[in-house]
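Shared between the two complexes below is subunit A, which has subunit B as its partner in the first and subunit C in the second.
Entry: the complex of A and B
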């Protein structure tokens, strides 16, 4: 039987989950923008907003401590952070472009090494996706094979209904379990129709064709043309739901400190700088090429997936107007 | 910009004929310079793919001069492309650059710091009515509601000292100085309140370093803040390192910052960085009578040492 939930009940669901000790991460107004942040109450839920940063930080935080160290008379003590201590989490109102990303990232975080920090958060998280009914001119999820109503990656999926409220569709067993366990917040579906999904305007991309061009164009003037403009900041990668490069640094003093993992970006001049001083990606053109190759070739070669969900955040944020969709359109037309 | 502000004033500030004239002048000048070999490249703006957007363009072929545009979306300070960070372009030879008045301050600053020689650059200045601020929707015209904050109190709409000037300035309405007002509001706060204001803003910093990458004065090939042996500033995006990074940056730019506000525009987390820059500029003016202007100056007060410097602050 299809189910629905009212906005009020959605907020009450948040309150109940919080009361039971779960972490609820959802769009929340933070100053001038919305961000996916842990909520303190259901009232904080910002339903209309597309958060400035993606939801990836629910699993892959901007910065996290992976161990701490302390020197004392007996030597050095190293304290591991235990991923088992991570709380049960509900990621609520994730847009389809955000909900799909972790299901793509699972491959890389469990490939030659199991990143327990990421994987344990994934295991403990239920994703409730939310269909988009509006899109702006930077949105291009449809061009990379997703859609504003795509349930990929969601455990439970909400679709806004005419006159308010949401249709709730269980996508996975986790989602089904949530529906059953929290049945008091859901009703049987009435006659209200779902609002029509958004229609991103971008033309569709032939991802196979793009990959095959990339296979043969490691050296191409296009990379320099774009890189001449690229300022080499990490804004695109940091806002991206799928970018996942990170750096690990020890910070603190010799006597006491922490080892931390935080986001890195291929735009940075020091990205891939070796301890020897050699940097295989020493110029911006090589770094921008890496960005496109990683998303549309390497990830496909290795894991059979595209590392882009078309959220458009990199397009909106690029301070020098680099438009990844325009770059892909150009490659697609070659 | 709030939706209310948008509803209040959506009347275009300038007639579209103004942009057409500026665009035409830039194209003609670029074509001439490239054809007669005066310059090897022209750095200007071209239209972005999305309606009403623009982005930097570097052209070397006169046939591409017609790609150049000027519109309310031409926000970038192109001086960035003349610094060491983008050294490849300079290698091509003498270059022409399209510069708004605010951007010309940066060019003067770079000349003062020996990063650029006047004879190596051909400046195509724009008589500038202003550009759109962050948050303005693409495609909408320039209005009193969506104009960039820095443009609201611009003093260099008709820049001097360029090789040519594109367009002529239409009359513009008086605009309230919202940034100066915000600065005054901050200055009126207690130190504790101010600290919490910045703490809140810096807590959102993701250390993408767009502020550094977009700044024409952040041309150091080796940034102290990237060093890890020894580490001067924590590189991970946490409160201590974020605070340190933004304070180091503000100090480093004191007396140098040309006020283009690119750092603030580029910040994806909406940190009002230009308020910090303005505050530092104000301090430098009060303490040393120094101001970044359109005349290249060899050294700013924080970059030189004199034997008769006031030492009284060292206790």
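Entry: the complex of A and C
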């Protein structure tokens, strides 16, 4: 039997989950923008807004401690961080472009060696996706094979209904369990129709064709024409739900401190700098090329997936107006 | 802390011995503190590890000792930055961190029955020294062993005591050289750049593997010499040293095209290197 949930009950669901000790991450108004943030109450839920940053932080924090150390006369002690201590989490109202990203990133974090910092958070998170009914100029999820109503990566999926409320569809067992366990918040579906999904305007991309062009065009004037003006600010990578490069740094002193894993970006000038001063990607166009290659070729070569969900965040934020969709359109037309 | 799920957690190791090779290059002999790790740790020549100075961070070095020598590992590094300077501050008896071994290795079994030519420049001897000792400890499995090793000056040569040892044992042909002007009055080796000296030494390419490590310019000028001597690109091995952080194929830093040096390398044949985009 299909289910629905009212907006009021959605907020009450948040309150119940919080009361039981879960972490609830959802769009929340933060000044002039909405962000995916841990909520303190269901009232904070910002249902209409597309969050400025992606939901990636839910699984892969901007910065996290991976061990701590202390040194004294007795020697050095290294203390582990136990991923078992991570809280149960519900990521609520994740847009399809955000919900799909972790299921793509699972491949790199579980490849050969398991990164439990990421994977344990994934296991402990239930994703409730939310269909988009409006899109802006930068949205292009349909061009990379997703859609505003795509349930990929979601455990439970909400679709806004005419006259208010949401249709709730279980996508995975986790989602089904949530529906059953929280039955008091859901009703049987009536006759209300779903609102029509958003229609991102972008031309569809032939990802196979783009990949095969990239296979053969490591050297191409395009990289200088388009990417020379990239400022290497890293905004695109930091806003991206699918970028996963990181650094490992020690903070504190020799006597006491923490080793931390923190986001990094291949657009930064020193990302590949050798200690000798030699830098394999010594020009910005080479760094931008790596960004496109990683997303649309290397990740495919390795894991058979594309590292972009068409969320458009990098387009909205780029200070020099580099539009990844335009770059892809250009490659697609070659 | 050993049977742990945290892939970024290093083993603790005690510095057992320190040798200053040059004013800024140092060799550390490390012994794992945990008895089980000490017994179970194994690696293959060519693999690397992430070494940490707590408070400063981690640095990538090859494991410079031979897998045939059990009970300890050695690394040899040049102090050039934050971590390496901090590692240099440590003394005998101090603790540091080691995680690894990572990466692929030299296929030593495939080299058996062949002659070997090692060509190294400056601080790049460590990644070959592990292979050299590995093969010398199994000496009867290989034919001729030639080592051409050069540095800018006499003072820049690393492993000086081992160079002497190789020179004195009768089953290694050691050719050591320093750049013109780098020799003192008592220098008993050659004077000239590594590629030139290699060409003069004319090692036979017949049934021979060449292993080359050095700064990019040395490698650039050495490959054509090896070619003239008759070496094919799949008989020449080298290591790539793109900057690394995780060492585990996750942080996205070390790639050359779609090759991840930390997972697919650091050991490659010249044939593989030539097929890669120029991103190293």
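Throughout what follows, the second predicted complex is superposed on the first by the 332 of 334 C-alpha atoms of A that agree within 3 Å, B and C clash if a C-alpha of one lies under 4 Å from a C-alpha of the other, contacts with A are read in each partner's own complex, and residues count from 1 in each chain.
Following the convention adopted for this analysis, a contact is a pair of C-beta atoms (placed from the backbone, for glycine too) under 8 Å apart; a residue touches a chain by one contact, two chains touch by 3 or more.
Keep in mind it's a predicted model, so treat the numbers as computed, not measured.
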Touched partner set for A:162, first subunit B, second subunit C, both or neither: neither
Contacts of A:229 with subunit B and subunit C, given as first, second, both or neither: first
Touching partner for A:180 - first (subunit B), second (subunit C), both, neither: neither
First, second, both or neither for A:282, with subunit B first and subunit C second: neither
Subunit A residues touched by each partner, larger count belonging to subunit B or subunit C: C
Partner chain(s) touched by A:244 [first = subunit B, second = subunit C, both, neither]: second
Touched partner set for A:108, first subunit B, second subunit C, both or neither: second
Contacts of A:203 with subunit B and subunit C, given as first, second, both or neither: neither
Contacts of A:62 with subunit B and subunit C, given as first, second, both or neither: first
Touched partner set for A:326, first subunit B, second subunit C, both or neither: first
Intersection of the subunit A residues that touch subunit B with those that touch subunit C: 247, 249
Residues on subunit A engaged by subunit C in the complex (per definition of touch): 66-67, 69, 71, 75-76, 78, 80-81, 83, 108-109, 111-117, 218-219, 244-250, 252-255, 257, 259, 261, 264, 266, 271-276, 278, 280-281, 286, 290, 293-294, 297-298, 301-302
Partner subunit A, residues of subunit B touching it in the complex: 48-51, 53-58, 76, 80-81, 85-86, 88-89, 135, 138-139, 200-201, 204, 206-210, 212-214, 226, 228, 231, 234-238, 241, 262, 265-266, 268-270
Residue ranges of subunit A touching subunit B (in the complex, touch as defined): 30-33, 35, 52-53, 62-63, 137-138, 228-229, 231-235, 237-239, 247, 249, 251, 260, 262-263, 265, 267-268, 270, 283, 315, 317, 319-323, 325-326, 329
Residues of subunit C that touch subunit A when the two form their complex: 1, 4-10, 12, 52-58, 78, 80-81, 84, 86, 95, 97, 215-216, 241-243, 245-246, 248-253, 255-258, 263, 277, 279-280
